[in-house]
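Each of the two complexes below includes subunit A, the first together with subunit B, the second together with subunit C.
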Partner chain A sequence: MSVLDIRGLHVWFDAPDGRSAHAVRGVDLAVRPGERLGILGESGCGKTTLILAAMGLLPSFASVGGQVVLDGIDVLCDGEKSARTVRWTHAAMVFQGAMNALNPVHRVGEQIADPMVFHKQCSRREAKERTREVLGLVGLPASVARRYPHELSGGMRQRAMIAMAVACEPKVLFADEPTTALDVIVQAQIGDLLYSLSERLGLALVLVTHDIGMIAEHSERSVVMYAGVIVEDGPTYEVLTAPRHPYTRLLLEATPVVNRDRPLVSIPGSPPRLDQPITGCAFAPRCPHAFEACAVRPPLTGDGHVAACHALTQGRLS
Partner chain B sequence: MSKRQKFVLRRLGSALLIAFLAVSFSFVLFRALPGDAINFSRVPNATPEQVEALRHQLGIDRPLVVQYGLFFQSLAHGDLGLSFRDQQPVLGTLLVAVRNTLPLLILGTVIAIVVGTLVGVTAGYGQGTARDRLMTGLAMLLYSMPVQWLALLLVVGLSRWFPSSGVSDPFLLDTGFWAVFTDRAHHIALPAVCIALMVFGPFALVARSSQLEALADDHVLTARAKGYGNRRVVWREAFRSAILPIVTLSTLTLGFAIGGQVLVESVFSWPGVGLATVRAVSARDYPMLQGIFLFITLSVVAFNFLGDVMHAVLDPRVAE
Partner chain C sequence: MSAAGSASPHLLEVHGLSVHFALKRSLADRMGRRSGRVARAVDGVDLFVDAGELLALVGESGSGKTTLALAALRLVPVTSGTVLLGGRDVTRESRGSLRSLRQKAQLVHQDPYASLDPRLRVRESVAEGLRIHKLTSSAEEERSRVHAALAKVGLTPAETFAERYPHQLSGGQRQRVAIAGSLVLGPSLLVADEPVSMLDVSIRAGILELLDTLRREERLGILMITHDLATAAHVADRVAVMYHGMLVELGPARSVVDAPQHPYTQMLIAAVPRVQREEARTRTLPGEPPDASRVPPGCRFHPRCPFAEERCRVEVPALLPAAAGSQGKTVVACHLRTAAPAVAAETADGSA
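For the complex of A and B:
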């Protein structure tokens, strides 16, 4: 039984001029309870759109197709009202740049306590008690509850955001680039914090990032996305050490590594335009291994560690 | 002492300083104007001795510094001098005018601020919908309409049902509460509606754009992720940060509006501060004018101070 089950998800962003961008083009993804999953990919590949869709949080100009079942509740079909009851209680989210993700005019404590009271999980007094508890959980003193966001440092704000996210005891925590805009030391601390919270609370963690190091350290399973589809999905160790999809290979080679003397490659070309139909493999135009079969969209194949590549299945990759 | 209290005290200090400077400036201004209370146009055929006696009587033969001191001394006693026009104390006339302007201020300006803000926020929430376009168009139209013209339109169009001048019917015989109340309500209808229409536009537009900006803030997404309903997201999360520009605009508008609406009060012969200003100007009634300017200055300063305080209360970042 998975805690999050996404099936055949499509997302289009409709522009006022009638065109639309097909940002997520058919994604199947199941997350088991307590699983730590990293979603990897360059900017604009649909990572953030995917998790926003999973919580039913896409803006009104987005059209969504497919199915998202969060902890037994269909987020897309059962209507906004039932989707609302799932949010924060079953799945919570940590955003990038906690500076702006916190409301500047309410005290941090209120922002942590309010959802608990709103979702009728407990009384205001109990919520206060619980606020102190979760602040301790993320390593912040209880006095932070009385502070306003602008009085905290970037790292403290992100901790407060995480405290907020775990307060209602969700089963899934989405983290959308939780460490961008933080300095390296704090990045490591926040990563460790998310990992240990997921372990202690049995929380499934979906980590969206383009920081491969973060994925390597804090997730057991990795998903690589390109142009709105999943191109590779498998155990993190395998995906990072023995990548199957040509895109994953190039992506890893394009990542600078300390202490290793190898040339830094860049992937030629740029991701496809999403406002025009894509037939076949989206990566084919940039792929060194592309051949005739790539004109048809490849399925994800493999056992446990899957990848979507014709060259791979036909044994053309060395 | 908290940061907020310190901030408010600092602002109070600067408000008092500004008020003092403004009052001093009005003293200088009225003495720098050509002519004084005693000139030949005002006292024709006066002998130099008589002029000298009058100057002495009014205290304007003393050195400026002494006059300046005396000016503040009489201010402290609430003495704004005597009107040139009717030899009545300026303060009394001014208070009557203020008392007439206040109901207009409340029924026109305050209500328009509230309604305009509500309309703007709702329009901002449904950006691009037919309702939004209708409201924005209406606000634009009213905003760009010259107020004296709007007032005349109201007189032409509605004066069959509502009286178009004065505060009450001088020939009203029935002195019962309801009769008086209905009479007053009838008289205030047109000028109040006129002011309300004039004030509505800018508030609807500012509230709309500021709400749009707030709705795009990241913390609004957080609020939606928390599962909050639309009403809570729109009002408690977005509007709470969108309200600051509206507060600024409100206090500015109110500060000036208490000084009367010169055009509206003229059209409707409403004996408020605005009409008093017009009369004082045409009669070259300097003491009266000086009193009115003093009153407007102080109310602008006071409302600005109030705006600062409200900012500090509403936004914890302001006091930093």
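For the complex of A and C:
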């Protein structure tokens, strides 16, 4: 039984001039309760769009196809109404810019309590009690509740956001680049916190990032996206040490690693434009192994560790 | 005062550089008739960069690394100390001669999406410096220098790229345009402030490679500011680690990364995520980044240091050769890592 089940998801962003960008081009993804999943990819590959769609948070100029079932609720079928039911209580999200996600004119404690009052119909008093509890859970002193966001450091603000996210006991926590705006040491602290919360609360964690190190340490399963599709999906350790898809391989070679002396490579070319139709494998124009078969879109193949690549299935990759 | 201009072997020399910012006096300060607090962003830093060398300056935000680099270009007022660029003291130049110095030392910003004017074509952005410094006499000469700079950063054919607007370029191409805008002035020093942190992983290597080529082929000295030790380890000759306004460790890139001496450097390296999972989550990373306006006595790292002793709370450690583990090539500011304090003669202060 999956806590999040995405089937055949497509997302188009419609521009006013009639063109539209096909940002997510058919994604199937199931997440088990308590699973820690990392979604890896460069900017523009559709990873953020995918989780926004799962939360029903896409803007009005987006059109969506497919199905998203979150904790038994069909998110897309009922428009804003079902999405509202899902948010905070079944799934919550931690955003990228911790600096800007909190409202500067309200005390941190009130902001953490708000979704509880709104969704769980618990009283302000109870919510206040629970706020203390969740602040402790994320390693902040209870006194933070009375502070304003500007009085907190970036790391503390991100912790407060995480406290708000877990306050209503959701089943799934989405984290969109939760550490990008933070310092190295704080990044590691926040990553560790997300991991331990997921372990203690049995929370499924969906971690969206372009940071391979973040995925390596804080998820057991990794999904690699390219141009709106999943190109590889498997146990994190395998994906990072024995990558199958040529894109994953190149991405790993482009990433600097401490304590290892090897030249860095860059991937030639750039990702395809999403406002023009893509036929076949989207990575083929940049792929060193591309051949005739790549004109047809490859399916995800394999057992447990899957990848979408013709060269792989035909044994052309070493 | 040292004799400025006396055959200095280094391209950039920084001696005892301090940058302090006065903070606004708080109400409590005024009521207590105290003077306002001072943020000691950079406090007594000694450093040099050679021609053809890439020095990486590593630290958290608030460590003073950007302020140090800006002070070296005199883009922020220097409180005390000297900065010698090609033998001339940047801190004492008049405004007029500062302009010619700035031509020699160029800054590359972090965010190529913000550093380029969206309304200017690439050729106009690149030519801006030439015009300000009045370096070309004809439109023809300007064109050829702009094209040469674009070719140097790998934007070929230069004729095509010159006519484009920033929105038609990828992030990596934009950063190349920004670098071309610096190169066109023929600098000897490039200060790059987090030049790849806004870029996607797949194109970072290309920009780092470009910096490496410029260093080797143009003999540029490069001061690269970064918070990413892994990137520093890949491209830098030497790495300087800053904490709370001071250098805490300085040495060859490999030995700083493979055998970090200072507890702070060790903590930074422990924070870098790895693919191999065993050591994950056994680490402890205590504390919050420092606040430049509240300087602890003694070693500035002692409130977060797992090894701090009584001495660390009182006595400020000097930057001295490490006692063990790095073949004496690394200098470190830590009481527990340096040899007996008698070797103080090692400090670069020839003028006794």
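In the analysis below, the second predicted complex is superposed on the first by the 317 of 318 C-alpha atoms of A that agree within 3 Å, B and C clash if a C-alpha of one lies under 4 Å from a C-alpha of the other, contacts with A are read in each partner's own complex, and residues count from 1 in each chain.
The criterion applied here is as follows: a contact is a pair of C-beta atoms (placed from the backbone, for glycine too) under 8 Å apart; a residue touches a chain by one contact, two chains touch by 3 or more.
Keep in mind the model is a prediction, meaning the values are calculated, not measured.
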Give the label of whichever partner, subunit B or subunit C, reaches more residues of subunit A. C
Let me test your reading of the model: by the given contact rule, A:E42 touches which partner, first (subunit B), second (subunit C), both or neither? second
Name the contact category of A:P277: first (subunit B only), second (subunit C only), both, or neither. neither
Report for A:P256: first if it touches subunit B alone, second if subunit C alone, otherwise both or neither. second
Just to be sure I read the superposition right, which of the two partners does A:T85 touch: subunit B = first, subunit C = second, or both, or neither? first
After the superposition on A, what does A:A188 contact: first (subunit B), second (subunit C), both or neither? second
So, A:Y237: does it touch subunit B (first), subunit C (second), both, or neither? second
Considering only touches as defined above, state whether A:G315 meets subunit B (first), subunit C (second), both or neither. neither
Check whether A:A101 is in contact with subunit B, with subunit C, with both or with neither, and answer first, second, both or neither. first
Go through the superposed model and pick first if A:D211 touches only subunit B, second if only subunit C, both, or neither. second
Report the residues of subunit A in contact with subunit C in the complex, numbered from low to high. 42-43, 153, 155-156, 183-189, 191-192, 195-196, 210-214, 216-217, 237, 240-241, 250-251, 254-259, 261, 264-267, 270
Once bound in the complex, which stretches of subunit C touch subunit A? 60-61, 170, 172, 200-206, 208-209, 227-231, 233-234, 254, 257-258, 267-275, 277, 280-281, 283, 285, 288-289
In the complex with subunit B, residue positions of subunit A that touch it: 55, 57, 84-89, 92-93, 95, 97, 100-106, 114-115, 118-119, 148, 150, 161
Please output the residues of subunit B touching subunit A within their complex, sorted ascending. 217-219, 221-229, 232, 237, 240-241, 314-317, 320
